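Same chain, two partners: chain A is paired with chain B first, then with chain C.
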Partner chain A sequence: MRRDSFAGFHPFVNLAYFALVIGCSMAFMHPLSLAISLIGALSYSVVLNGRKAILFNLIYMLPLLLVLAAFNPLFNHAGATILFYLPNGNHVTKESIVYGVAAACMYVTVIIWFSCFNKVMTSDKLIYLFGKVMPALSLILSMTLRFVPRYRHQLSVISQAQRCIGRDVTQGNFIQKARGGLRMVSILTTWAFENAIETADSMKARGYGLPKRTSFSIYRFDRRDIIVLAILTALAAVVLAGAAWGSNSIRFFPSIAVKGYSPFGAAVYGAYFIVCLLPVMLQLMEEVKWRFIESKA
Partner chain B sequence: MEIYRIQGLSFAFPGQEKKALSSINLTISSGEFVTVIGKSGSGKSTLLRQLKPVLAPHGTRSGFIEYNGKPLGEVGHRTQAAEIGFVLQHPDNSIVTDKVWHELAFGLESLGLNVGTIRLRVAEMASFFGIQTWFHRSVTELSGGQKQLLALASVMAMHPSVLILDEPTSQLDPIAAADFLATVGKINRELGTTVIMTEHRLEEVLPLSDRLVVMDDGCIIADDTPQISGRKLHELGHPMYASMPAPMRIYTSVETGAIFSQQLPLTVKEGRQWLLNHFSNGAVEPAMEIEEDLVAADRPIAIEFRDVWFKYEKTGPDIIKDLSIRVPKGEFHCIVGGNGTGKSTALSLLAGIVRPYRGKVLLEGRQPSSMKTSDLFRKFLGVLPQNPQALFVKKTVELDLYDILSDSGLSHEQQKLKVQDVTVFAELEPLLAKHPYDLSGGEQQRAALAKVLLLEPSILILDEPTKGLDGFFKEKLGLFLQKLNAQGVTILMVSHDVEFCAKYGEVCSMFFDGAVVSSGSAESFFSGNSFYTTSANRMARHLWRDAVTVEGVVQRCLNSRKM
Partner chain C sequence: MLKQPENVSRRRLGKRTLTAALLILIVIPATILMGVFFLDDRKYYFISLLLLLYTFIPFAIVFEGRKPQARELVVIAVLTAIAVAGRSAFFMLPQFKPVLAIVIVAGVSFGAEAGFLVGAATALVSNFFFGQGPWTPWQMFGFGIIGFLAGALFRKGWLKRSKWSLCLFGGAAAIVIYGSIMNVSSVLMVTPQLNLQALTAAFASGFWFDFVHAVATVFFLFILARPMLEKLDRIKEKYGLLEP
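Right, the complex of A and B next:
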């Protein structure tokens, strides 16, 4: 993964950001809101994944968007403005087409935001955040992440060993295969129990089970986390106030209705724009600064 | 000051008459480095576990143990967790969490330290152990040596005053093991931590140790400086003496009588000096030229690699590069070489698990990857995996042996006969009723070997068979392999264990960077190497270049005495 400035913030900031932006993307159906969020999601995914993201968006997301947009008017016939009739006699309305496009946009945007979420919120960060709520759960998650690859490796060791004595799931007829598979699972279970005893010893030897266990993490909540969180909170307040006022809401059926221009409405969109593009802006700022430092050196 | 005082300690496992430990008396002072040795099953591990009550097995105990002047039972859990560090044998089992940094902090979290303190301690330990470069990694990405170092560091982060290690290097290759032991030595020297460890690699440990405690059948039979303990073992004629460092064994075999009261050499350096002082008149024999082609024309070839190239992924690096080996029928061939040079991959190629993308792998002229498994693995090719546990499927060793014959089409009587034969051969009689996982490492190895032998292989492939075995079991395994070899079985063995290969191998090859760099009869092979050779050879090569084994050096010393 390339280094991303926003991913380097405290996990709590990351989580708060994604909660806000994904929530807003799902709630705001106004075309302008949708466009802003889509631009934000697209540009951030490109920052995170580079060329792979462009390909992913073009090959999967664009067709998905078109298909979803086309399907709505075929099945949804609500709306006042009838454009034409389908061969089977159903009518296609302007509202259902617009709604289809908007819903498809929303859907695709949320998927792209989630792909960014996946990239930024690594297992460590999630474990850390869970651990804040339930310390025991975080240890269990961490141990699971340790044991799953281990068991998988051992399974391949067993499979190879068994194969070399002519016993393997890939050999023989169906019954032999099933027996071979069962045998492997049985060996793995015995092995896992046997080794878990030593793991338990290792935990006990290092004082596991003493009262008042603490939870350590490598993350620190420093000044830039506070600054970004403060900015984010202020912007979120403006956006949510706008949503409460209805300045970025839209009515699709029976006829399309949006609120007209107002300075407050413009401020709400401005704030939303900054929110959606915040990670990209942070990255750009860092890059500009880096160039500047390099040019001085 | 005494950190441990053990008096009259006896211990028996539940339901067993025989005592695992009987009247042990041992005093360990603060800052000492104590090495405990003994055959498997002699009670070493049981003794070590008695020193940390949370790990002590259940059973009946008498006598008492004092820790820092207080009965060990009265030491609180918290103190015990922090002050008595315990490192286990298998690094994979002792690591609990998925990230290196989290593992380092695990014990400190248990102690309930605050985040600031943990951060400092973790940073200190990572720097002391040189972990900072892989601090953020997942545990799965680490090598065996790194894992064991991590297990040690995570114990050291709790600032123990005594460090107990139970065969910590048995799962490591020689280079990782030497690194690990050097680190333990550094902890003892620079931090003053008391170290109590059991270990097989005496060559590296004894120079670090202040004391050598030898156990046999639950009793301490020697407890003194390594030199004096070694001498005592020699006087007793005890079988454990066979695992003492080569220089010491050579010395005691050559020097008998009055000079015997002198210091025994422990290291290659001391051994060399002693040889120089006493045998410098022995002329240096010229190194033998490595014979180019050992394969006599009349012997049919059992295993052949012909210009083999292999890689795991299309764009990945070549793992095997232009590998050519020919092993004639009935040969005992050893392949030595470092980690990650492709040795194990070569074995996978032989077993037909992977195919070369260029060149040919032939077993008696046939390609294993295109043979039917029933033809390949029945009465033809036997493979003993590195971890014998992967072979066991049943509740007892006996059932396990029968299991492999279950679809052989033999009558029950015939099966019984075969199992009996192999049981006698591998000396498994007393172990038949046990669960395979309850056997010791050496016993498991033998049971697995028996299982493979029931398939009557004419070619036997072994991957690191001596891993984790003590000197006694190694010798036993070596003799088994020689016996099999004498029956006409071709043996190809991959190993790190130079001493074992020198002693039992017929032909040795050195694997490096995906191919064999040199090959020759064991003697000429090791005498041609300067570093990758036995310690007996390193000790004596300035006088007799071709003396590879302890016996060889002793022979030459005695000969030159006579002259």
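Right, the complex of A and C next:
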């Protein structure tokens, strides 16, 4: 993965950003808001994943968008402008088609934002963040994440041992294979519990439960984090004020109604645009800076 | 070793009830009113997501508040890891997963709270491998509440440790509880209001998925329930883990 500038910020900034942007994407249904958020999500996913993101968006997201957009007008007949009638006698309205397209865009945008979230908010960052508020629960999460690959490895060890005595899943007829598989799962479960209790006793012996535990990854909240967080807070305040004022709201039923142009509305959309494109802009700034300080000799 | 004094467990219940009461009486109505007034009463998905998150809060507060022992944490982590590994082992068969069966066994064996934690943590952790999305909180809630119910009903004596009782509960929970939660969530995501037709369509199109899920749950409970419960009993006996 290319180094992403935004992912290098403090995990709290990352989490606050994704909470804001995903929450706003779910709540704002105005077409302009949707377009801004979709552009932000698409460009950031391309920055993060390169060509893989383009393929993912084309192969999975585009068909999903079309299917979801078709779902609403088929089952929702609210709206004043009747366009045509379906063979079963129900009518299709302009409003429900527009709403269907908007809801599908919203859904797809949220999924793409989550694909960026997966890439940026790695599990160690989440555990670092929640380790302070919920130490026990985040410890469960981190242990589980460690156990899964460990059990896979142990399963292959068990499988090799069983193969030596002819009781592996690859040996014998169907019933013998199934029995071999179940026996391996049973061995693994017993081993897992015995091993876990040992782990627990070892944790206790090393002082689990004492205050001031350290975590694997260490993050510092430094000046650039404060700057970005302050900018984000200011922009979020503008966007949320706009939402409370209703300048980016839209009414779909019974007829479509949006607020007309106003300077404040323009400011709200401007702020939202900057919010959605913030990670991409940070990345661009980083690259420009890099090119600038690169030796020209 | 983990047995808590009587008064601690009573106080614990009180704290959970208090948090739940606060949420139900003040925070949840406030959220719904906020949705009606500020979001034009059209953002059902957003509001329902917030309500869903509130259900996790009492569990988290209580669990953290009683400072669980290392052994208890590790057992929950092992059960979760087994469920996650089970989900990824059957990745090629859609919906045919042992997750719900393991969550139910965990609830029956270690109590309602452990059942909830195993269910919710399994959904969260397995989505680190399969991809997080707007569905994650719903899955966490769906699995968690079934684990909780399994533990609570077992404590009440309505759910027996017998194979048939568990299979019946598992099949019903997969279709009625988990299926309904996921179908309603998908409808909330794409239509502005819950109407009967959209719900019927979602339930009809989701039926075979729910059905396969139920068959898988019954199948795995039929095979796994007894040996798993025996193993867990053995561990509890051997290391003196008592139900919290």
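Here, the second predicted complex is superposed on the first by the 253 of 297 C-alpha atoms of A that agree within 3 Å, B and C clash if a C-alpha of one lies under 4 Å from a C-alpha of the other, contacts with A are read in each partner's own complex, and residues count from 1 in each chain.
In this text, a residue touches a chain if its C-beta (ideal position, glycine included) is under 8 Å from a C-beta of that chain, and two chains touch if they have at least 3 such contacts.
Keep in mind the model is a prediction, meaning the values are calculated, not measured.
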Inset, instruction - Would you sort A:162 into first (chain B), second (chain C), both or neither based on which partner it touches? - result: first
Inset, instruction - Report for A:107: first if it touches chain B alone, second if chain C alone, otherwise both or neither. - result: second
Inset, instruction - Please work out whether A:81 is in contact with chain B alone, chain C alone, both, or neither, and reply first, second, both or neither. - result: neither
Inset, instruction - Tell me which partner A:5 touches in the superposition: chain B (first), chain C (second), both or neither. - result: neither
Inset, instruction - Classify the contacts of A:209 with the two partner chains as first (chain B alone), second (chain C alone), both, or neither. - result: both
Inset, instruction - Have a look at where A:72 lands relative to chain B and chain C in the superposition and call it first, second, both or neither. - result: second
Inset, instruction - State whether A:218 touches chain B only (first), chain C only (second), both chains, or neither. - result: first
Inset, instruction - Based on the superposed arrangement, let me know which partner A:252 touches: chain B (first), chain C (second), both, or neither? - result: second
Legend entry - chain B and chain C footprints on chain A, overlapping residues: 123, 139, 143, 145, 186, 190, 194, 199, 201, 203-204, 208-209
Legend entry - Contact footprint of chain C on chain A as seen in their complex: 23, 26-27, 29, 68, 71-72, 74-76, 78, 99-100, 103-104, 107, 110-111, 114-115, 117-118, 123, 134-137, 139-141, 143-145, 147-148, 151-152, 182, 186, 189-190, 192-194, 196-197, 199-201, 203-204, 208-209, 243-244, 249, 251-253
Inset, instruction - Show which residues of chain C lie in contact with chain A when the two form their complex. - result: 38-40, 42-43, 45-46, 49, 60, 63-64, 67-71, 73-78, 80-82, 84-85, 88, 117, 121, 124-125, 128-129, 131-134, 189-193, 195, 197-198, 201, 223, 227-228, 231-232, 235, 239
Legend entry - chain B - residues contacting chain A, complex: 52, 54-55, 77-78, 81-82, 85-86, 88-90, 92-99, 101-102, 105-115, 118-119, 122, 136, 139-140, 151, 154-155, 158, 348, 351, 353, 373-374, 376-378, 381-383, 385, 387, 389-393, 404, 437, 451-452, 455
Legend entry - Touching residues on chain A, where the partner in the complex is chain B: 123-124, 139, 142-143, 145-146, 149-150, 153-154, 157-158, 160-166, 168, 171, 183, 186-187, 190-191, 194-195, 198-199, 201-218
